[in-house]
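Structures incoming, each one as structure tokens.
There are two complexes below, and they share chain A, which is joined by chain B in the first and by chain C in the second.
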Partner chain A sequence: MDQSGAAPILELAGVGKQYGRKWALEAVDLVLHPGQIIGFVGPNGAGKTTLLKVIMGLIRPSRGNGSVVGQQLSPTSRVAPHVGIMLERPPFIEHLSGLRNLSALASIRNSIDTDDARRVMGQVGLDPDARRPVRTYSQGMRQRLAFAQAVMEDPPLLLLDEPTNGLDPHGIVQMRESIRSAAHNGTAVLLASHLLSEVEAICDEVILVESGKVIKRITRGSIAAMGKGTLRLVTNTDVQPSLIQGCDVRIVSRSGSVYTLETHMPTPDLVRSLVADGIDIEEIGPVGTTLEDVYLETLAYDAR
Partner chain B sequence: MIRHLAALARVEVMRCLMSRRWIGVAGIWCLSWFLVIAFRFPETVHQESTVWDIYLSVMNNWMTVGYLLLPGFVFLVSDVLTDDMRSGYAWLELTRTSRSHWWIAKVAAVVGTAFVYQLGFIVATAAAGSVSGFSLGGGLPGSAPDFAAGISGIGLFPPISSSAELVRRVITLLLHQSLAFAAISLFMIVLTLKWRNPMLPLASVVAIEILDWVLSQRVSIIALISPGRRLIEGIHLTSDGIPASVTWISSALYFTLLLGVAAGAGWLAVQRVDC
Partner chain C sequence: MWNRLIWLEVRRTVARRRYALLIAVNAAFALYAVLATRNSVYPGTIMTAPIAFAVSYVAVSLMPVVAPFALGDSLAADRVSGYLMLQLTRSVPRPLLASSRAVAAIISGVVAALVSAVPCLIAAYELYPPSGGDPTAAVAFLPGLLAQSPALYVLLMAALYGLAAGAVATCALAVGTFVRRPIAASMVAVFLLGTGLVIPVQWANPLERIMFASTWQATWTTPVSMTLYWGAIVALAIVVATARLTQMDDCS
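On to the complex of A and B.
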């Protein structure tokens, strides 16, 4: 549940990280409120991991400042920020069972006991009584355990790096629900992923990054708005521009009997005009713009 | 705070003790026994030897201590930082504790593992030796003619006159070598904070041992500053060409100081390093 009115859990202003002459991350501004889910999307080497490390206080930003769960950004902080982290390739003590791994990590902060760890394991679909060592876990099981590890101490901020990596379709749905549930309970979530459909499905806002730079910010509403005015028409009539001269419509593309049209007319009016012009409409409807479309369009624009 | 630190140290020690590198360590231990028995033990006294003759011979031979046991331990713990940073386990821990606590837990893990390594070597020598037909050394405590009649008599290590002395020397070696191995290894591990290569500590310790050996052939005073020579038991018990100040006490102070300097340098580096 997005609590935009509440104080931000994470606030970054102009944060950048330089290695030698290369900027791994440039001037990132980010505000994340309790219950909000923000996606961080970009190609390999875009700076996603660097950003996560800066937020965790593991590396010192070369410029900019910010706060994480009420603490100023600093790798020399005496107390670690209360952050739950899930890595793309989750590391564990391979010889121990899932429960013993969680118990070992939980003992460091000592804020939960073994029963809590068992409960969280159950919630992510793992058997807490299974004694098999983690080295025998499938990738999907490791991901579930990693998520359990990240959320078990109820952190106010969750950093998730490719959380659905290696999960089967059922697991992906469960993971999506778990992330939504955490956000619903007030946890702020920063999600880094290559899976654009996943990011689009659960994020309130998406930040596109490339080579350490923020290329674009997209809200859920703005993606829907981007599709407005574009229609998909299926017809057996050979639609020539001259045929639709009287309508406020433009043919963007054609593939066989499928046309992509751009118009400012309300759809019912357009349908009436097209029928009046003798076009047999088999199917007509809005073209849904996806995050993938925006992502590819943005990167193509950037490349130009 | 102490409780959190103890919990973290327990996790770190457990991870070191569960390392797969122990398999390699077992091989190194076997090689050290083999070298001593095959090349140092005269066949004529083989039947009269005890497992303690094997242990003390290993601990008094520069080759086995300096080029096998010490590098074996460095190999065991050299990746405690690099592996954590590579795998991301450090991330999981550092979001739950401070950098200072994390480093103190690492130091505790190296010291604890050094003790287990030395104790493990004693137990393994006794077990493997007795299975191979060597005597355990007669009844303890009391006089033990085995010691005087065995390898002791040919000078592989300073002779032992009683079981009580044997116990005292084994315990002294256990504690001293634990401290020394931990101190030297920690010094090498700190280097990996700057250069993230897990093989660097191993290469460094072998290089230092070689340099140590070459220099000490020419200058006897080198024993005062050399970590390698102080690992040999006999240097503390005899005075042939050895400065009088090399004693168990001075060695313990030497390695405590080395451990303190390494721990302090590591603590300073950990505060600033990008993990």
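On to the complex of A and C.
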């Protein structure tokens, strides 16, 4: 149960998937409530797609259990939950128009009619009356159509794989708003992406994975907290450690006239101390930690 | 859900360019064959009897051979594209996938055959007026029908060819659960016909069944036996495809 008392849409406990001797996914625990957006981030081959396929019910887990939209998941049973999916390379019937593609998929469950499909197409910025076949669509248009098919039947769980792939800046903003809007309406969203700034902007929580293992879980608030105590100082003074011995401050790095400092002092006190030590401050301010910083640090990547 | 899946596949198939091409080519060959038969009956005109025979032979065997390229490659193609995932995440049970596509292939095949028979129908009425056609031009199991009702004869023959085309396409669907290349799956018709060269039992020989017009004197060939034969092939293909889809850990 979350704070509102709603039961989780997705609950995984120790879910793993083994191919031969290799574990593509190891002991993943995940709880996703209605309206929550969780990002799944990791390098290629980290196990993101495998996890999405387990949740979709396409593959059985080798171990662990859980529930997906009320259906029990275990190594002996494959689920067939009602989820909306958006794949990295959206598949469609290429010779049909966008509307006919949506209508064809909607006809399987028969839960919405053509008017609903038209409305959803309009919401994602596509013309439902356009008769051109999908094979003539740009990548951005395909992404929009893919999102439309994912949300058109109002699924309780959305699984999005690189949703902003190929979108122009306007499209990215629109997609971000659409995802937020879906979450606002109670849809739980699991988002896999390499675009860290987008994940950071949208998600309530981010899970870092590598080689099938969950390496770290980061909440929106924890990223902001990680930046506390780190300052960026711009000065023409040659700041030597001996010069700031009287301050509770450490020089982490220097690049020309730009210094990165670590301190436990309140910034106004630090500024006074530095000025008293003869340092001409041109600019000083907190260093904002981003998801990218955390990602690179956690997964031991060289930022360059 | 099963019937909705069937109609989804039928609508999808008939909207393909390949499907229109299948009908056009089949109609052209069939019409040519009718005209050739006419001219072989009346020597000295445009076509000679050997040419007419050759064209007829190609025409009757063409549709079941090429049909899988328009009707039977969807499972392999959807595995590659990921479209199968979109269907499965709409809570479609896997056993329904293969059977609905098989039925859709048969419906599409029969419709294609019937539509492409229309020019033959017109030609048949022109060449064989209601007073009666030439019974020697008919297959052995329907000697009187061509004479009595040319239109019904043409439609029945077209339906049988359509059924054969749908059945071969269903085999392509089953092959598509093993191979991810749509073209390779569609090539199953060639292999199926190839088995005809080694199967000694005439009634079980798909080559003989597909080219039943070449075995006009085969008394074992009747509309009912044709339907049962291709029905058994379809059932077998559905069982194989369903088992494979259910057993597959990943449908991509």
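Convention: the second predicted complex is superposed on the first by the 289 of 304 C-alpha atoms of A that agree within 3 Å, B and C clash if a C-alpha of one lies under 4 Å from a C-alpha of the other, contacts with A are read in each partner's own complex, and residues count from 1 in each chain.
Please note the rule applied: a contact is a pair of C-beta atoms (placed from the backbone, for glycine too) under 8 Å apart; a residue touches a chain by one contact, two chains touch by 3 or more.
In this text, all values refer to a predicted model and were calculated from it rather than measured experimentally.
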Notebook entry, point to check: Looking at the overlay on chain A, is there a clash between chain B and chain C, or do the two fit?
Noted result: clash
Notebook entry, point to check: For A:S181, is the partner it touches chain B (first), chain C (second), both, or none of the two (neither)?
Noted result: neither
Next item on the list: Check the residue A:S197 against both partner chains and state whether it touches chain B (first), chain C (second), both, or neither.
Entry: neither
Next item on the list: Mind working out whether A:N110 is in touch with chain B, chain C, both or neither, as first, second, both or neither?
Entry: both
Check: What is the contact status of A:R60 with respect to chain B (first) and chain C (second): first, second, both, or neither?
Finding: both
Next item on the list: Once the structures are superposed on A, label A:R89 by its partner contacts, choosing first (chain B), second (chain C), both or neither.
Entry: both
Next item on the list: Go through chain A and flag every residue that touches chain B in one model and chain C in the other.
Entry: 53, 56-60, 80-85, 87, 89-93, 95-96, 104-105, 107-110, 149, 153
Next item on the list: Provide the residue numbers of chain C that touch chain A in the complex, in ascending order.
Entry: 1, 4-5, 7-8, 11-12, 15-17, 78, 81-83, 85-93, 249-252
Next item on the list: Over in the complex, which chain A residues touch chain C? Could you list them?
Entry: 53, 56-60, 80-85, 87, 89-93, 95-96, 100, 104-105, 107-110, 149, 153
Checklist line | Interfacial residue positions of chain B with respect to chain A in the complex | finding: 3-4, 7-8, 10-11, 14-15, 18, 87-100, 271-272, 274-275
Item checked: Complex interface listing, chain A residues touching chain B -> 53, 56-60, 75-85, 87, 89-93, 95-96, 104-105, 107-110, 149, 153
